[in-house]
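Each of the two complexes below includes chain A, the first together with chain B, the second together with chain C.
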Partner chain A sequence: MLDLHGYGPRLLEGSLLTLELALLSLLLAVLLGLLSASAKLSSSRILRGIAHVYTLVIRGVPDLVLMLLLFYGGQIGINMATDWIYSEFDVDIFININAFVAGVVTIGIIFGAYMSETFRGAFLAVDEGLLEAGRAYGMRPWAVFRHIRFPLMMRHALPGLGNNWMVLLKTTALVSIIGLSDMVKVAAEATKATHEPFLFMIPVALGYLLIASVSEWCFMKLRQRFDIGFSSGGSSWNN
Partner chain B sequence: MEQLSTLWQPVLSWMNGNDIFTPNTFEMYWSGLVNTVHLVFVSLVIGLIIAVPLAIARGSSNLWIRKPVWFFTYLFRGTPLLIQLYLAYYGFAFIPGIQDTWLWFFLEDPIYPALLAFTLNTAAYTTEIFHGAIQSTPRGEIEAARAYGMNRFTMLRRIVLPSAFRRALPAYGNEVIFMLHASAIAFVVSITDLTGAAYYIYARFYAPFAAFLFVAVLYMALSFSIQGLFKYLEKRLLGHLKPQS
Partner chain C sequence: MADTSIPLEINHLHKSFNGNPVLNGLSLKAQKGDVITLIGASGSGKSTFLRCMNLLEMPDQGELIVHGEAIGFKVDRKGQRQPEDWKQVERIRARLSMVFQNFNLWPHMTLIENVMAAPVHVLKMPKAQAREKGMALLKRVGLSERASYFPTQMSGGQQQRGAIARALAMDPEVMLFDEPTSALDPELVGDVLHVMHELADEGRTMIVVTHEMDFARDVSNHVMFLHQGLIEEQGAPGDILTSPRSERLQQFLAPRY
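Entry: the complex of A and B
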């Protein structure tokens, strides 16, 4: 019963792939989100325009369509580019887009757009005077970001970040459609072979709920960490 | 009439000049669009009808009413829609002997399992949205209703629900767009929705950009019209909550 017709180990491997994919896409999404949030607040009109078009397009198009476009179109696009390089410079390059890279890049790009809104609000919530004080101490822009802006803005960004992570986790299920063997794909294959959908789909659903619960706990810990020094954290006298 | 045909001439010759954007493929895209809109609209309407009583039950003071509803929304919001779709699609189809019963009429067509999964999913999200809106009803409104001697049902019908619906409007607009985007997975259970049409045309002509970029633009147009509609509704229904200048 527990070995699930021999699919147990493969399901476990699939869940590891889901986790890996989700964490890597989260990393990319946070980076893109920070970049485009900075672009939205920058004084350059071009940067602001690019960042706004980016979020507008991502909000209007389904994740799956973007994923299919990147997975099937990306390969052709890269082939065209490498063919052109070959004919112009006689340099032969071969780049293969595999489903994993396509999945990470697509999910990263999609959630980068959602993160940028979260981070934009959080950037604005940091008191300008604190940043000015940092500059007055002679800190370089990077030091101001790392020591003042980032720790203070994370407090405001964490709730939105947590929500985005929960949605991102569920979005990773879509990579099974472009052929990646995550836990949904393994379960779908097993279902087709054995005709027992509940035996495979319900453990996978529980897997998602488990990851969600664990990450909720992590976010609670992170929130406590970034709330240090603010009255809302823990047992202060004015609560 | 003469003028019209000269106007159409370049369009027609362009359509004859390429393989991908022909009247034939446009027909496919059109039926895909109809399927997508049909699927999304029906599941949203039924989901909304289910969500209203569930949202009221979700805030009940009785533990045995409140907890099951919470569990339902927790399950459907915590797992991917794709799993729910697979469960609805395969879950019934593989029951032995089901092909001989009258139920097979519904299960033969993948649209019914897909509708079931989408409806329950959107019902779970909408329940939480409405629950939040009901919880945030200003105390004063409830006190005023009590002072008028309204019973619980009248209060719900006349005071709590109308004001909660208005406050839920922005979040519900997001849910509608989310549902439109989520419906793209319907093509994995062999429904030719908009994404399914694009996938077919990609596979037939090996033209990913023409196929997927085109439907991406169509989805974008649909999303922005929905957004515009909800902006208009908000302006009409939430005007009294705007800060007065």
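Entry: the complex of A and C
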């Protein structure tokens, strides 16, 4: 049997943390991406401006710098705010940034910016006439989005979304610098203690590969789901 | 006071795009069972006029009254005219179904799903009931066998008949047709016109933007000829299509004979 010098359970915990972190970050990134893509396409100049600054700043600054800024800078900012509240109102609050939450928020914010461009392009690829048909029958904006715009947009967004997800998954390894024990961190510690890098790094590599393979399968299913009506039966527009 | 027996009344509609006037004070009154055709050269404003009727385009000035209910407008901070109450617009749109030049069937839904969508999501009709009704409508337009097909699997003529079934599913008081046969191959036009002819015969109120002069002559009871956003000439098809008074309408009709 494979002897992991007793690091097996911690490595498993680390891989679960990686997975949780990645999935929650993905959720946040998709939400932020949809919101900022909608903002970029809105008629409000202020919303467009905010969304453009968001994607410019996030995509222009290294992930590592952003994570440190948000984790340490965020804590300092919160401390300053709570100090001010204490001095002004004599109310003592203590808020500690949880490393897991900080990780999810940072990765979510970073990838939201990339998703934003993916979704913007996908929204633009939907034929305006199809949305108009929905409005012409009295559908509310939300109904048009949910039943027409979103499903049609997803078909165009999925390739970019899958790409972003793969990069996001591997970016979760950055959280080790803010003290979270994801599987990379556990493996690095174990390697230092035992001087057996292959013993730990190969399972970690296989772990990522497994998650990636399962995601590939999920995305294939999603593609099939959103391709319905487009690639069926090989028939054509022969009028 | 409001006359609820008139399905659609439009008074002095104006619309311009970026300062270019497109509609210059158009009025129209559709009585129940009227089939009104709007004809005119491209750029005459006929499609814009139709699209103003369900507010896909926002008219700059003018009055829109659907079944005695006038649509309220306000002017926003940028000086743009907006509906006072979007809910009223949605309610009114649900009563004026539109059939588009490019069909605009939703490609990710089967034909029957297309027909069911608006009754289910707008009128909150139970799905089973919407399906039953949808199937009956597909039968009417000769597409029963195509119910579970996707739009890409159908010909243009079938798609347009499907789109007419989708419009009928809302039990509209007025049906708006925006050049329904212009995107079709010539041999497929007949089927679509045949369905529209039947709808006219059963007393549906229809407003049709079209280039099909035969349809205007044989089916409609009122023809409006638009030129530069104004009604140049209008009347019964037997009169104005056979003996047009204005020179422009004579020119417009001439190459067709």
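Definition applied: the second predicted complex is superposed on the first by the 228 of 239 C-alpha atoms of A that agree within 3 Å, B and C clash if a C-alpha of one lies under 4 Å from a C-alpha of the other, contacts with A are read in each partner's own complex, and residues count from 1 in each chain.
Going forward, a contact is a pair of C-beta atoms (placed from the backbone, for glycine too) under 8 Å apart; a residue touches a chain by one contact, two chains touch by 3 or more.
Since this is a predicted model, take the numbers as computed values, not measurements.
A.B. asks: Quick check for you: in the superposed arrangement, does A:191 touch first (chain B), second (chain C), both or neither?
C.D. replies: After superposing on A, A:191 lies in contact with chain B but is clear of chain C.
A.B. asks: With the two complexes superposed on chain A, say which partner A:129 touches: chain B (first), chain C (second), both, or neither.
C.D. replies: second
A.B. asks: State whether A:47 touches chain B only (first), chain C only (second), both chains, or neither.
C.D. replies: The answer is neither, since A:47 touches no partner chain.
A.B. asks: Which holds for A:24: it touches chain B only (first), chain C only (second), both, or neither?
C.D. replies: After superposition on chain A, A:24 lies in contact with neither partner.
A.B. asks: Between chain B (first) and chain C (second), which, if any, makes contact with A:35: first, second, both or neither?
C.D. replies: Touch partners of A:35: none, neither chain B nor chain C.
A.B. asks: Which holds for A:229: it touches chain B only (first), chain C only (second), both, or neither?
C.D. replies: Second partner only, chain C.
A.B. asks: When the two structures are laid over each other on chain A, which of chain B and chain C touches more residues of chain A?
C.D. replies: B
A.B. asks: Thinking of the overlay built on chain A, is A:59 touched by chain B (first), by chain C (second), by both, or by neither?
C.D. replies: first
A.B. asks: Which stretch or stretches of chain B touch chain A in the complex?
C.D. replies: 74-75, 78-83, 86-87, 90-91, 94, 177, 180-185, 188, 195, 198-199, 202, 208-209, 212-213, 215-216, 219-220, 223-224
A.B. asks: Using the touch rule from the top, collect the residues of chain A that touch chain C in their complex.
C.D. replies: Where chain A meets chain C, its residues are 127, 129-130, 132-140, 143, 147-148, 151-152, 155, 226, 228-230, 232-233, 235-239.
A.B. asks: Which residues of chain A touch chain B in their complex?
C.D. replies: 57, 59-66, 68-69, 72-73, 76-77, 170-174, 176-177, 184, 187-188, 191-192, 195-198, 201-202, 204-205, 208-209, 212
A.B. asks: Which chain C residues qualify as touching chain A in the complex?
C.D. replies: So the residues of chain C touching chain A come out as 54, 56, 90-95, 97-98, 100, 102, 104-110, 117-118, 121-122, 150-153, 155-157, 166, 170, 184-185, 188.
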